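Before we start, here is the structure in question, set down as C-alpha cells.
By letter and in written order, the chains are A, B and C; residue numbering begins at 1 in each of them.
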Amino acid sequence: MTTPLPDFALALPEIVLLAGACALLIFDLFARGERREGSVRFAGLVLLATAAATLFVLLGTGGALAYTFNGLYVADVMALLLKLGATLAVALALAYSRRYLHDRGLLKGELLALLLFALLGMMVMMSANSLLTLYLGLELLSLCLYSLVALNRDSPVSTEAAMKYFVLGALASGLLLYGMSMIYGATGTLTITEVARQVANLQANSAQHGFLVFGVVFLIAGLAFKLGVVPFHMWIPDVYQGAPTAVTLVIGTAPKLAAFAMAVRLLVNGLLDLAADWQQMLVILSVLSMAIGNITAIAQTNVKRMLAYSTIAHMGFMLLGLLSGVVGGNWLNAAEAYAAAMFYTVVYVLMSLGAFGMLVHLSGKGFECERLEDLKGLNRRSPWQAFIMLLLMFSLAGVPPTAGFYAKLSVLSATVAAGQIWLAVVAVLLSLVGAFYYLRVVKLMYFDDPAETAPALEGERDARVLLSANGLALLVIGIVPQPLMGLCFVAIKSL
Amino acid sequence: MFETAVFYAFAAILLVAGACVVTARNPVHAAMFLVLAFFTASGIWLLLRAEFLAIALLLVYVGAVMVLFLFVVMMLDINIERLREGFWKNLPLAVVVGGIMMAEMAAVLAGRYFGVAPRPLARAADYSNTKELGRLIYTDYAYAFEIAAAILLVAIVAAIALTLRGRKDSRRQDPAAQVRVRRSERVRLVSMPADKE
Amino acid sequence: MNVTALLDTLLAFSESKLGPLWGPATYELVTSAVFIVLIVAPLMLCVAYLTLWERKLIGWMQIRIGPNRVGPLGLLQPIADGVKLLFKEVILPTNANKALYILAPMLGIMPALAAWAVVPFAPEVVLADINAGLLYVIALTSFGVYGVIIAGWASNSKYAFLGAMRSAAQMVSYELGMGFALVVVLMVSGSLNLSDIVNAQGRGLFASKGLHFLSWNWLPLAPMLLVYFISGVAETNRAPFDVVEGESEIVAGHMIEYSGMTFALFFLAEYANMILISTLTAVMFFGGWQAPIDSALFNLLPPFGWLLAKVFVIVSLFLWIRATFPRYRYDQIMRLGWKIFIPLTLVWIVFVGAWMQTPWNIWK
C-alpha cells in the first residue's frame, strides 16, 4: 500500500528554513569568534534563501490556491506575501540589533536558531489549513518567544517578564485549544476549509450552532491574547518592557503578521458564516483596546512601555477592519475591509520595526535607551536620526502624509462603508488622544536640551542606513499607497 | 462480561489513585499514586485494544517522566503544611469548576449535541494499531508530525540555552586530551643505583 | 505431546462447571497462573545457580577455587544462601517510610519477572504472543529504576539516597540508547513481535545456504549489538557501571538498609534482569532459538536448548566483564551514554534506513 507523495514544492519556504535553522545549530557549534560573525551571516543567508523560496513558490503557483500535505497546508497569495513580510521583518530586526546583542553577550547561536524557528512557526501559522497545524505553528512561535525573552538570565526583570509571558501564554493556548475542540466537536473536522463547508450547511438555532458560538468565544479569547488586545493585553507592557529591547523588537513586529494570518484563517476562512456572532465580540475588543491602550500610554515614562500600550491601541484599530467585512449577511465589501486590515498590520509592523529599531540603535554599551528623557534633545545630537524618529512617530500617530495616516484612513472608510459610523467616530477621537504621546516624543527630541549625561551615539552605519530606509519607506508608502494596497487586495482576493 | 468486570475494577483503582494523588500528604506518595494511575489507565486502554498507546503511555510517562519527577520531588524540601494552607480556601472554586466540567462531559457523553460515533467494528486478530498509527502519522499527518518534531527541537535548544552556563571555577576534564596523552608525558623512568644500607 | 488437547479439555470442564459466562474467564486466569509459575520457578532456580556460577567463574579467573564446601563441588551453596537470607530478620529503620520501604523491593523484581511474558522460548512457545512485544519489553525494563529510587528514598539514609539519585540518572540515560538500538532491530524485522523478530533472522542469503548464524542481526547491526549490550550492563547496574552500589564509596547504595528477604529480592531482581537482558540479546541479535547451522548434527539440540546455550554464553560475558574492568566514574558513565551511544544509534538508524531503500537491502 503506497500513498502518493505530497507536493513538497509548495512548502519550499518552510523546508528551506527548517533545514537552514538545523544547519545553523551545527554550524554555530564549530564557529569561532566572539562576535559570531559567521553565524550571523549564515542566519542572514538562510533568511535570504527562505525569501527566495517564497518568491519561487509565488511565481510557480501564479497566485493560484493550492493545498498539499493532505489538506493541512495551504499556499495562497496572502500566506506567501505575509511570509515575505515576516522574513523581511526578522532580517531587519537582526540587522538592527546585532551590536546591541553583542554588547550584552546575548549574540549566541541559540538566539539566532530560536529566531529562525520563531519565523518557521509564523510561516506554519500563515499557511495553516487545519486547526492542528495552526496550533502547532502557534506553539512553535510562542515557545521560541518565551525563551528569547528569558535569554538574558542575569536580569530579574527579563526573567519575570518571561515567566508572565509563559504562564499567560499557556493559558491562552488552553483557551484556544478548548475553542478548537468545540469547533471540532460541532463539525467533526479539523480542516479549516471543511469546517467552513460544514458551518455553511448548518441550520441556525441547531444545537451544533450553539456549540460553535461557544467555541468561537474561546477562539476569540485565544486570538485576542496573541494579538494583545484588551482584556487579554496584560502581558504586553510587562513583556515589552522586561525583554531586552532587541527581543522586544522581534516580538513586536513579525508575530503580528502571524497573528493577523491566524485571525483570517480562523474567522474568515473557517467561520465566515458566523461573522454576525464574532464581529460583535470584536467590536468590544476593539473599542476597549483603543481606549485603554491610548489613554494608559499617556501616563508612561518608559518608551518601551509606552510603545507597548500603543501596540494594544493599534491592534484594536486593526480589528476595526476585520469586523466591518460582513454587513447583514452580505460580504460585498469584505475584501476591501480585510485588505485594509492587512495593510494596517503591514504598515504597523514597519512602524514598530522602525521605532524599536531606533531604541536599539540609540542604546549603547551599558546604556539602555528606554526612558522618555533618554530621547531629550536628540535633534541636537543627531539631526538625521531625530528626523527618522519624527517620521516614525508621525506615522504611528497617523499624521498625513505618512503611511500610518493612509492605513487609518482605509480602515476607517471600511468601517464607515459597513455603516458603523459611531465606531469610526470613536476610533478617530481615541486616535487624537493617542497623537498626544507620540507628539510628546517629538517635542522632547526637538525642543528640549539633551541631558548632561547622555552618552555618545555609537550605532554602526549599516543599521543606520537600514533604519533610514525604514523611516523613509513609511513616507513613500504614505504618498503612494496604491502598490502595497493593491498587493493586500490581491492577497485577500486569493483566499 | 469478564472485560466489563475488569474495566470496572481498573476504573475504580484509577479513581482511587487519582484521588490519592491530590490528597496524599507526602509528595513522594502522591507521585507513586500518579504512577499507579498511569498504570491503570494504560490497562484500560489495553482493554480497548489500543496497545500502542497503552504501552507508549507507560514507556514515556511511567518509565521516564515520572522517574525524573520523583527525582525532583525527592530532592525538594517541601513544606507540606504550607502547601496545604490554601486548600479549604480554594475548595469552593475548585468544586464549581469541577462541577462545570462534569456537566460538560455529561452533555458530551449524552450524545445529544455531538453525534457520538457508533462503536467501531472489531478488528481482525492480526490487526496492529501500531502499524496503523505509524501509517497515518507518516502519510496524512506527516506535516503536523514534522512541526511537532521542530517544537521538540526548540524545546531542547531553549532548555539548554537557558540553563547551561559554563562555570569558570568548575574543573572539567577533556577526554580527548586524556586519550592523546603519551606515556612519556606522565612517567619518567629514573635509573637509580641500587644502594645497600 | 498433546498440550493443546489437554487445554481444550480443561476449557470444556471449566465451562461446564462455571457456565459460559465465567467459565472461559476462570480458565484463562488459571492457565495463565500455571504458565507463569512454569516460567518463574525455573527462572528462580537459574538465578540461584547464576550466583554460584558467578562466584566460581570469577574465582577461576582470579586463580581461586570459589565456593566448594556446601555439597559436592559447592553445588548446594545457593540453597544455603537462600535459607540463610530467609531466616534473617527484616530490619525496618526507625525513620524509614514503612510502606514504600517494603514496596521498593517488590517494585524492583516485578518488571524483571513480568518481561518474560513475551519472550519466545521456542517456535510458538510464548506466554503472550502480543503484537507490541518489543515495546512491552522496553517499557518494562524502564520500570526497574523505581525499585532503586524508592528504596533509596524510603530508607532515609544518605548513602541510599545518593545511590538512588545516581541510578535514576543512569538508568534513564541508558534506556534511550537501548531503545534506539532496538528501533534499528525493529526496522530490519518489520515487526514488534519478538517471535517475528527471531523468524526474520532466519531469512536471508546466508540462511538460504544453511548458514543461519551469518544472517542473524549481530553481523549487519554489530554497532547496535555493542550499544545494546553495554547499555544492558549499565541498565542492570552491573560492574563496571555499578556506581549505584559503589561498595567503596556509598557502601551498597540503595540496598544499604535492607536485610533478609527484602535484600534478597533486590539480589534476585538484579540477576533475573541479567538473564533477561541476555535472553533479549540472544533473541534480538543472535537468532533466538535458531541453530547456527542448518544441519542434522546441529538440530540434535532442540530449539529451546539453543536459546539456553546462547543465554548462558552471554550471561557469562556479564561475569567476565565484571571480573575484568574497574568501575567507571559517574561522569564518565553519563558521557558514554549521552555523547557516544545516543549519537551513534541515531546515525545508525539513518544509515540503516538509507540502506533499506537501496537495491542492496538485505532484509527484504
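As a working rule, a residue touches a chain if its C-beta (ideal position, glycine included) is under 8 Å from a C-beta of that chain, and two chains touch if they have at least 3 such contacts.
Just so we're clear, the structure is a prediction, and the values are computed from it rather than from any experiment.
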{"item": "Identity of the chain that, by mean CA position, is farthest from chain B", "value": "A"}
{"item": "Centre-most chain [mean C-alpha coordinates]", "value": "B"}
{"item": "Chain A and chain C, separation of their C-alpha mean positions in angstrom", "value": "55"}
{"item": "Distance from chain C to chain B - Cα centre to Cα centre, in angstrom", "value": "23"}
{"item": "Between chain A and chain B, centroid-to-centroid distance (C-alpha), Å", "value": "35"}
{"item": "Chain B contact footprint on chain A (complex, rising order)", "value": "1, 3, 6, 11, 18, 22, 25, 69-70, 72-73, 108, 110-111, 113-114, 117, 120, 124, 130, 132-133, 136-137, 139-140, 143-144, 146-147, 150-151, 153, 185-186, 188, 207-208, 210-211"}
{"item": "Residues of chain C defined as touching chain B within the complex", "value": "21-22, 24-25, 97, 99-100, 103, 130-132, 135-136, 138-139, 142-143, 145-146, 149-150, 153, 161, 164-165, 168-169, 171-172, 175, 192, 335"}
{"item": "Chain B to chain C touching residues, read off their complex", "value": "1-2, 26, 28-29, 32, 35, 51-52, 55-56, 58-59, 62-64, 67-68, 70-71, 74-75, 126, 128, 130, 175"}
{"item": "Partner chain A, residues of chain B touching it in the complex", "value": "108, 112-115, 135, 139-144, 146-148, 150-151, 153-155, 157-158, 160-162, 165"}
